[in-house]
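Each chain gets a letter, A, B, C and D, in the order it is written, and its residues are counted from 1.
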Amino acid sequence: MTLGPTARELMVAAAAREIRDGERVFVGMRLPILAFALAQRTHAPAALGLFENGLVRAAPADLDGTLYTMSDPPNVAGALWSTTTANIMGLLEQGGVDLGFIGGAEVDRYGNLNTSYVGDPRQPRVKLPGSGGGADIACLSRRVVIIMPQARHRFVEQVGYRTSPGHGDGPGWRERVGLPGGGPATLITTLGVFRFDEQSKEAVLASYHPGQSVDTLRAATGWSVRVAPDVRETPVPTDAELALVRACDPQGVWTR
Amino acid sequence: MTLGPTARELMVAAAAREIRDGERVFVGMRLPILAFALAQRTHAPAALGLFENGLVRAAPADLDGTLYTMSDPPNVAGALWSTTTANIMGLLEQGGVDLGFIGGAEVDRYGNLNTSYVGDPRQPRVKLPGSGGGADIACLSRRVVIIMPQARHRFVEQVGYRTSPGHGDGPGWRERVGLPGGGPATLITTLGVFRFDEQSKEAVLASYHPGQSVDTLRAATGWSVRVAPDVRETPVPTDAELALVRACDPQGVWTR
Amino acid sequence: MSASKLVSLRDAIARVVPDGASVCMGTALEAAIPFAAGHEIIRQGKRDLTLIGPISDMLFDQLIGAGAAGRVIAAWVGNVSAGLGHNYRRATEQGEPHPLAVADHSNLTLSLALLAGSLGVPYIPTRSLLGSDIAATNHDFRAARDPWSGAPLLLVPALRPDVTIVHVQRADALGHCHAWGPLGVTREAALAAQRVLVVAEEIWPTGRILADPNLVLLPAFKVAAVVHEPWGAFPSPLQGYYGRDHASFAQYHAESGTFEGFRAWLDRWVLGPGDWPGFLGLLGPERLAGLRPRRRLPSEPLDYGV
Amino acid sequence: MSASKLVSLRDAIARVVPDGASVCMGTALEAAIPFAAGHEIIRQGKRDLTLIGPISDMLFDQLIGAGAAGRVIAAWVGNVSAGLGHNYRRATEQGEPHPLAVADHSNLTLSLALLAGSLGVPYIPTRSLLGSDIAATNHDFRAARDPWSGAPLLLVPALRPDVTIVHVQRADALGHCHAWGPLGVTREAALAAQRVLVVAEEIWPTGRILADPNLVLLPAFKVAAVVHEPWGAFPSPLQGYYGRDHASFAQYHAESGTFEGFRAWLDRWVLGPGDWPGFLGLLGPERLAGLRPRRRLPSEPLDYGV
């Protein structure tokens, strides 16, 4: 008997569904790397994964354990290209990356992310690790999917520091500041899935994970949540999908 | 019995003497490539040759014939580095190249070179091949040596088109336009050798080749030639030097 | 993974190089020049191309004489063995066979333009060409000041060729390819291009190419077509495969001195043979065999083991 | 050719990394991080270094905790396995062991800064970080407009580190070296540096390295010293030689949660052993053997024949 999915496994499955076949995806690490592997092995066999260390892959890494970082040797063996950060980021700034995954410590209703400072940057209360490639992906991908654990103090009215720009302060902001990419399309959390509205650019609740509800989502969000008219329960991964995710994270390092 | 040196062999020997041991030299092709080989095998064994196609060499190419271009396979085998034009040119713009050799169709008293257009560039009387890397070497090398055949119509009061800037219109010009390199130091011709004066930046006749004189040089120069007080005959290469040059150009493609 | 992109040179040029396209070639300077592709462009009567390349050794001169080019963006156009390019002169000086617009570059600025294109940034600044008339007569450039130091700079705008054509030592049918020897602007030109045509000396199985992903020139999704054309860079050299055929350069220079001479050269060597194997047949096997390396100089393998 | 540059790690760090230097490390992101060199920097009590690197996975956190760093120029500082870096937090939040200046970058802007340094140009423009607070709080950047289109741009000024330290698979004694696997900003950082310290897993004869000049990372004249230090990138991975030792990252994260805990970690693993072989001895041969690749995956040789 298969154990039911954890919240993180639901996130992986939801993230995999964001990947369309044939797309070039800036993968990153942790949950997105699992989502890419799942998508590649199900509905998106022609998707390509790009990694900011300089890798392009088709097939997910051939593993008998967990991939901790994008630079672990199994992620290099069998790569289609092993090159420089500049060459990969060049494809991104050319507009050649369809989808990028990012996460952060704080997010707001417009999908702006903070991965830098809690409190005054000159005298921070918490120094977070920083952008890495996250801000670049946020600025330059055609479409961005945010994945992060949900908690009220992390889902704030306005982020204290905008490391990775989302839709800024709303409609027209990205065009105004000169950002070429399309910005956040989806926000996948431990509790549900939000989609950014095309007009208002706000995160709108599209689905809640099994065991959650619109109310529990509202309680765990620091802004007043708009809810889609067709809000529903997040589709649960099939047993086959779950098995694929668990094969990529056999010890449950990222998903338990 | 060794035949006496040709004018071009004298030029090669004079050019080789411009290379100091341990220097990084932007070599180019034809006579400078022979000069680099000669210097490397005599007084400058630690000199390094840089080539704009992406090569760095110490030892001259191992040949049983003539090197026609810097990209001929013998110039690649045994290279210390085979990379991109941008990486080599980056070393040049960093100020990391001590000496560069260039030539042209027209030169003036300040060492400006024309390799682009005779007549109006919009309706040229003669379209020359262009800069290649010559203008970059002229702009960015710490020191430049010009090598070209001398004739009155090529040694003009002022070049009609300044492809590769020398000292512009005289003292202070390079600083004014923002050029970092030191500009032309020496002009080696089929008839003699000029050195650019540190103060006036003008080409001053330093030596005339055997069979030439100050007068023949004057007659073959389109500007009024300043002559160094210690002007003398250009030193003739030794038999050993001549043998080395001829080993690099056995058919006399460049030197006869 | 995707399907095979392996097609004939004829089909590749027909599909990938439309009239009016900007085409970057000769990216490794004097080596690995895609002459086979250039000749096919001529045979198909392509028109109004913008030719982009650093020095182009003889190839651009042939394309210009054949009437394929409307514009040249280059640092040097001629014949490295002989100097001047007769067709380039006739086109720019007399408008024969028709006028040619020229945007002069240096090797450094052309390299930066393609690098900027590969990075997706609008320009890269340099101190090269300050005080050069190239900066004054090529209006694509722009003078500026370093906003920190106030020093003069030249801004080199990005180039994004419609097509870059590269000749490489080996490729798979999907477009993964290996090129070595001095690269010139090859990587930048391939990454800056909208699409790439790979002409390969040898076609290898994918697994043997991907055994060295660091050597892969560019991601295969940029490759529009792969062509197997042995000797396709002749008479330019290809490291490990053949040396430069200097006589071809000298002969072309001598015969192209008049436009009639060039037309006769074109009929004999390009239009007559009909395709590249036909051209090679005219040369004869002994001439080619004489260019083969006499010594193998293999590199040491890398271990990508896990 | 020049004389051997092969020296001990102790001598190399003493000579190449003076107090106050800007030092670029961790250029291949999570792989090939020069931990051996970093530990020697700590042992020699270097002070006031500016640490430059994209993500630095744990190494910068160790150097900061040891009091070696006065400034960090990076896109990310922490522990990839565990997230936050405790010492980085203590230094920036509480000034412990002393205050740390931080210049935030993204991976793209750090890459462009080093690329600009390698090209000798003052800056490269980008559209990344427009609208990001990074562009507002790192005053090294400058806002500008594209002079052609008028669109907003961010100018990323060149970085020229005093020293770049790279860990590579193999090098000769003169400084020619081969690195493979994803390169991150390695080539740019090496070419941008005033001088480079090469730490190599293996030392090979010059002829075997120069048998593949395309794979050579940088010209040897930029290399100030070559050090032979096997396992010198442990616990980060080195393609073909060893995998990542995840346990080391988790253990460090757990033990460095308090400053006292970090000092104990430092005493045990860095100061105690006295040198890198001593450190490896503490780990024991079985732990290292378990990281060795189980399969060899060799690349195909290239032929440079003439």
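As a working rule, a residue touches a chain if its C-beta (ideal position, glycine included) is under 8 Å from a C-beta of that chain, and two chains touch if they have at least 3 such contacts.
Computed from a predicted model, the values in this text were never measured in an experiment.
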{"item": "Identity of the chain that, by mean CA position, is farthest from chain B", "value": "A"}
{"item": "Pair joined by the larger number of C-beta contacts - B-C, A-C", "value": "B-C"}
{"item": "Euclidean distance of C-alpha centroids - chain B vs chain C, Å", "value": "27"}
{"item": "Inter-chain centre distance, chain B versus chain D - centres from mean C-alpha coordinates, in Å", "value": "41"}
{"item": "Where chain C and chain D are represented by their mean Cα positions, the distance between them in whole Å", "value": "37"}
{"item": "Interface hub residues of chain A, defined as touching at least two other chains", "value": "55, 73, 76-77, 79, 82-83, 86, 89, 92-93, 140"}
{"item": "Junction residues of chain C - those touching two or more other chains", "value": "112, 119, 121, 126-127, 151, 153, 180-181, 183, 187, 214, 239-240, 243, 293, 297, 304-306"}
{"item": "Arrangement of touching chains [line / ring / star / complete / other]", "value": "other"}
{"item": "Which pairs of chains touch, using the document's own definition", "value": "A-C, A-D, B-C, B-D, C-D"}
{"item": "Chain D to chain C touching residues, read off their complex", "value": "112, 119, 121-127, 142, 144, 146-149, 151, 153, 155, 157, 169, 178, 180-181, 183, 204, 208, 211-212, 214-215, 239-241, 243, 293-306"}
{"item": "Of all residues in chain D, those that touch chain B in their complex", "value": "1-2, 118-121, 176, 187, 191, 210, 213-214, 216, 218-221, 304-306"}
{"item": "Contact footprint of chain D on chain A as seen in their complex", "value": "29, 51-55, 68-73, 76-77, 79, 82-86, 89, 92-93, 116, 121, 124-136, 138-140, 161-165, 168, 173-174, 177-180"}
{"item": "Residue ranges of chain C in contact with chain B within the complex", "value": "28-31, 54-55, 57, 74-78, 80-81, 83-85, 88-89, 92-93, 102, 104-109, 111-112, 115, 126-134, 137, 151-153, 180-188, 236-237, 239-240, 243-244, 246, 249, 293, 297"}
{"item": "Residues of chain B touching chain D in the complex", "value": "24, 46, 48, 55-56, 58, 73-74, 76-83, 86-87, 89-96, 140"}
